[in-house]
Amino acid sequence: MIYCPGKTSEQVAAIFGRLAASGGTVLATRAEPEVFEAVKAGHPRAEYHREAKSIVLRGGDKVKPAGYVVVTSAGTADIPVAEEAALTAELIGSYVERLFDVGVAGIHRLFDNWDKISKARVIVVVAGMEGAMASVIGGLAACPVIAVPTSVGYGANFGGVAPLLTMLNSCATGVAVVNIDNGFGAGYIAALINKTGEKAAGE
Amino acid sequence: MIYCPGKTSEQVAAIFGRLAASGGTVLATRAEPEVFEAVKAGHPRAEYHREAKSIVLRGGDKVKPAGYVVVTSAGTADIPVAEEAALTAELIGSYVERLFDVGVAGIHRLFDNWDKISKARVIVVVAGMEGAMASVIGGLAACPVIAVPTSVGYGANFGGVAPLLTMLNSCATGVAVVNIDNGFGAGYIAALINKTGEKAAGE
Amino acid sequence: MIYCPGKTSEQVAAIFGRLAASGGTVLATRAEPEVFEAVKAGHPRAEYHREAKSIVLRGGDKVKPAGYVVVTSAGTADIPVAEEAALTAELIGSYVERLFDVGVAGIHRLFDNWDKISKARVIVVVAGMEGAMASVIGGLAACPVIAVPTSVGYGANFGGVAPLLTMLNSCATGVAVVNIDNGFGAGYIAALINKTGEKAAGE
Amino acid sequence: MIYCPGKTSEQVAAIFGRLAASGGTVLATRAEPEVFEAVKAGHPRAEYHREAKSIVLRGGDKVKPAGYVVVTSAGTADIPVAEEAALTAELIGSYVERLFDVGVAGIHRLFDNWDKISKARVIVVVAGMEGAMASVIGGLAACPVIAVPTSVGYGANFGGVAPLLTMLNSCATGVAVVNIDNGFGAGYIAALINKTGEKAAGE
Amino acid sequence: MIYCPGKTSEQVAAIFGRLAASGGTVLATRAEPEVFEAVKAGHPRAEYHREAKSIVLRGGDKVKPAGYVVVTSAGTADIPVAEEAALTAELIGSYVERLFDVGVAGIHRLFDNWDKISKARVIVVVAGMEGAMASVIGGLAACPVIAVPTSVGYGANFGGVAPLLTMLNSCATGVAVVNIDNGFGAGYIAALINKTGEKAAGE
Amino acid sequence: MIYCPGKTSEQVAAIFGRLAASGGTVLATRAEPEVFEAVKAGHPRAEYHREAKSIVLRGGDKVKPAGYVVVTSAGTADIPVAEEAALTAELIGSYVERLFDVGVAGIHRLFDNWDKISKARVIVVVAGMEGAMASVIGGLAACPVIAVPTSVGYGANFGGVAPLLTMLNSCATGVAVVNIDNGFGAGYIAALINKTGEKAAGE
Amino acid sequence: MIYCPGKTSEQVAAIFGRLAASGGTVLATRAEPEVFEAVKAGHPRAEYHREAKSIVLRGGDKVKPAGYVVVTSAGTADIPVAEEAALTAELIGSYVERLFDVGVAGIHRLFDNWDKISKARVIVVVAGMEGAMASVIGGLAACPVIAVPTSVGYGANFGGVAPLLTMLNSCATGVAVVNIDNGFGAGYIAALINKTGEKAAGE
Amino acid sequence: MIYCPGKTSEQVAAIFGRLAASGGTVLATRAEPEVFEAVKAGHPRAEYHREAKSIVLRGGDKVKPAGYVVVTSAGTADIPVAEEAALTAELIGSYVERLFDVGVAGIHRLFDNWDKISKARVIVVVAGMEGAMASVIGGLAACPVIAVPTSVGYGANFGGVAPLLTMLNSCATGVAVVNIDNGFGAGYIAALINKTGEKAAGE
């Protein structure tokens, strides 16, 4: 996996090449289109996921849908981070159910889909503004919840500090938090948790 | 109204005396029992509300219950602040419905009482930890919501900063915020809003 | 209502369309001119309010001027936020009196207009720099005051943190606060408070 | 589960009684000895775990050791939080391996015990000061890591903010974080993750 | 001048002795009564000012009242800091007019005394909570204003940070600020400014 | 005086016109060249001071050099703020001695010019980075010192917070502080202090 | 070395015993007298350094005075931290020259002792309040300077944050910083630097 | 040495000329290519180091390789700061070994090169994200370690605050810290420490 900001297109392409040589899946996050151009030149099979701003080169892993990860997002502007999380979990071999736009304003959509949510092995909750959805979902769900604060907001949001603190202080049990906007990290640990079940079940 | 911390018992008693002389209701908040002793010496009719840590001397105002204020609190430890808010609103002449312990863990109690809540003219939401209840109630209610963050919590709660930021960034519309632990301020403005209705109705 | 930053013009236009379809008033705040172009294509009746940076599609609501909201601002640079608040309150059906440029330097204008201010059902005070006007007006007014800190300032203003803290700590009673630059939120709750009176009066 | 600070001994005892009446396991964290005295009066079978500062009343759950949780701590002063995490995970039905005092100074002990660590389903890393152990263990382990910053430290530690930021920014993948000193929360989510394996395996 | 916190009574007494030996005025601030006992043993003429928590040994300086310093405070709890400022300015040879309890609630007292205030050579404004008085007085006065934030307040006051930021961001011109609770520093520079006039006038 | 950021060129020109109409000196700070163009159109006598980024229209005041203000700056990058302070003091009628580039690296230049510095009625110290010069000069000078932190620096400078805190905590007596980069404010209060002497002397 | 806060007397005594068994020097910092009592019971040769709040058990190391460390402190209240630094460096085998009370007020003492200072291999500068001495000494010295901010101060000192930022932003070259109040850490690295010379010289 | 940000190309070129005139080595850090063009016009022998963003004019110093400095960096994006440190140390006359990309992900490269690292007189550790490498290397090395936090990261990294706090709180002894991104400062003090050995050895 490659985190692109602070690296030149050439540096990303070179690291991408080294990782691809070992045959597995490669993921480059927060990649601008021009970075993709540099990567594609050497790896024609590489895909660009515009919304997740990610470059993917798929290895031979197959997704096993026995258990699954749910990824929810609170607002439209949170989708890029949520999509980064979902894509990451898929690439590591998890089946993912996306449920976007279920914030305070769309809370009824949350309840309408509760059946699907409640059967997940792990839920990723992506939310900016005040991040209250992590508490609401964490209070209702029986499985582990990974909360991702986003930098969506303004003023006393302080670039994501407000939802970060909300999530760290959540009254709901079973909630852990990753860095602001860290969709990759949330998707990665969610897939690891999902795999815990897969390994134990001998899937 | 007198805010006691940082004043000696003698200073509080003296200010209390000056205010009482004008005949109206007097309220002293965050008063330790020994402050009450000093006040009571000169004002035998003064009452001490232990949970709200407040001294009250009632003037001639009568509560008119046509419209009312709802005060909710999220956890047991938030009750002193919630009680300070409720008491303040009552003293200014509002009828108050208390609904305590309706946090994320007791959210079903919120829905069970929604009928009473939804008819309030204004709701005061008192919550510590991550303060998510302000968003949940604000998202459902049609009347103004005054949110009071409390310093209940630990670690990244930072003495109430976490719920303060949660409430300021709330996605829900119709929510305004007062200072951390400021039950008095919330009760005061809630009573003013309730009176807006009373005046207009010629109650 | 739509908050535009972080959404593409296409996303705003699509959400705008969905909301307009239900027949009510639609408001899109912090909208750049190009967003308006995208919206106008499908909604020729949509208006662009340059100073408030807002797109408005008016539904059938009528403003009832029995009670009114006063919106004050402290400095010239605070006007966009003040105008966003005033416009929001009008769209929800409140009559609004604007009183701009009444900061510390123009405090005499405040006193000159006190008669009009003192009869409002609720006052919105918009102020950047150190935000002291919320305390001054809150100390004099008998109705609820909604304070809006703005990010106008520099240095130790910290993007609006200084007036935010000033307003949260105000000695004046009857003051509640919304997020930095949140003109929409202030206008919304002010209109709700004003409506409390309207409903009670059977206006 | 009951979080004791901010509640009187009587309040804790009353809540404890309500929870015990439903027959399950009850856990009260951060309980001073005098709180235990109040609880014990009504529940003679209640145990006091001095190091974890916790009161436990065991229900009928049995620990199934097929998969297990590892709890590590970096320094002597971090043990109370680590013990709270371990105790919590045990009470929810997980088998727990404790590995304390494996900080930067005792890093060789970490490598000596790597065989046991590497077979865990989930690892809880408790660390104060700068919290670097979460990155070191997260960089080596293949399972999910739950990191708990503690308030152990001084000066620019800022009551646990330093290790909190370290853990949130960890370069290592598969790490999520809970609130400062929140041993209970870490133990809880670790047990949920461990159970994911148990359920899938039909243990 | 001696700042007592962090020094033992013996250390203060020893430093006091050294300074007194040179014959001038000696001032020890934030001195607890027991420190005064230690000092008085060797300096029977030393005075203890309880409200300003200061020990004073007067040298031969005479106060010349031609120009004067005004010291105002906003609330009762701010008086110790205000008194420390006033006492300091007097000891350096300035005539001081005290005007306490002229905050937002007592703003009419400010206007009642404006004649005396407006003739001062320099004004010291001591205020906690949100510190708005520095802006109000600074906006009206034509002379330099030295603002002293105090740590009086709670919640989002953050130990005096709120009034500190208010004062640093003041829209009013002619205002400079000293550290939180630094009555000594404010009194000192105010006396220097007053002396500027005295020297120039050849008083 | 006009603070330009956040105002359009048209708004500045309009306010400038109103102020100029009253016949006195007009100063517009932080003015970009295009703002000057807009102002100059209506006020051909207006001057643009590039380094101080200020527009000046001189009224009839005459500078009386009997007492004077010294303005020092620590580094090359601090000069714009220092120049803004010096220009402001001159416009209000003070004679100003500039002494730039006397930071820690050029401390010998400070001592070489000490004779001139020590005779000033007031000293303005402008410094970024860590702002230590305010303490050094404040410790040596007998007159009031106005310290101006600048946002010059990087990393843990936090946009001027580091020198701001340095200056507020200065061990040296006789130092007061204005907002980060607030050259105007420092020059203004320095001129007021200098005038204290002028008035008293009947200059 | 043992850092005592957060450990019981029994825990300190036990760790002390383990370390002493290996025959080298043992140092326990921030030790209260009762901790010393617990240690002394098993180690009669242990010394208690009251000012440095440290327990020392000396091993066989000899101090070689060829090169030396200078430890300076700015104020009386900084001495405990400075003494902790000096004692630490001595125990690791460095010769130490102490030069206390050389802050802004005692700056002449600094110059009087410059000859001795300038010949040190490394200088430890301990300072609270605004910490400006690190810049002054760093600007004059040619050897490495280790700066130790202390938590001595009040208000906007923020428990040592002010001098920490001052020192991190120092314009002077050759300055590095340790944690607030970390006398031990400064003494340790200073001794390492001094040893660099000893090793190279074959002392 | 010249720090370029905040200075015009002309100012840099002028200062560069003054310093070059004295015959020694000149270093200008954080220089954009256009600044180099301005400098090169007058100093054709000046070199531009693109990665370190530095302009160098070499004086007559010779590097003596008897003792050496190791500079390590954790990630690709940290290289510019690491290169600035290495270049600075070389220009002051130290031999430097670079060891880049040895972060948590490349920790095996650290152990592979431990032989070379362990013989250094001083190690500079450059790391962003969470900065844990300073603790890992500090815990293993016997020589002084100078830690440089970088602003590489996002979200709760807060522009380098996270690694800064990690490094200041490091459990490892023998670690001191410089400002965020301050490669120059780290290289400078490292070279001073290395010279301590050279001087003592009479190299």
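Side notes on the structure shown:
Letters A, B, C, D, E, F, G and H mark the chains in the order given here, with residues in each chain numbered from 1 onward.
What we mean here is this: a contact is a pair of C-beta atoms (placed from the backbone, for glycine too) under 8 Å apart; a residue touches a chain by one contact, two chains touch by 3 or more.
Everything numeric in this text was worked out from a predicted model, so none of it was measured.
The interface holding more C-beta pairs in contact, when D-G is weighed against G-H, is G-H. When the contact pairs of A-C are matched by residue number against D-H, E-G or G-H, over half are shared only with E-G.
If you average the Cα atoms of chain B and of chain D, the two centres end up 36 Å apart.
Centre to centre, using the average C-alpha position, chain B and chain C are separated by 26 Å.
Remark: chain A and chain G have CA centroids separated by 47 Å (rounded to whole angstrom). One simple way to say how far apart two chains are is to compare their mean CA positions; for chain D and chain E this gives 51 Å. Shared contact sites, meaning residues of chain B that touch two or more other chains, fall at 155-157, 161, 164, 168-169, 179-180. Contacts between chains, counted with the stated touch criterion, involve the pairs A-B, A-C, A-D, A-H, B-C, B-D, B-E, C-E, C-F, D-G, D-H, E-F, E-G, F-G, F-H, G-H.
Listing the residues of chain A that touch chain C in their complex gives 76-77, 152, 154-157.
Listing the residues of chain E that touch chain F in their complex gives 1, 66-67, 121-122, 142-144, 146, 164, 168-169, 173-180, 184-186, 188-189, 192-194, 196-203.
For chain F in complex with chain C, the residues that touch the partner chain are 5-7, 11, 15, 149, 151, 159-161, 164, 179-182. Interface residues of chain C, counted against chain E in their complex, comprise 74-75, 103-105, 107, 129-132, 135-136, 138-139, 153, 155-158, 161-163, 165-172.
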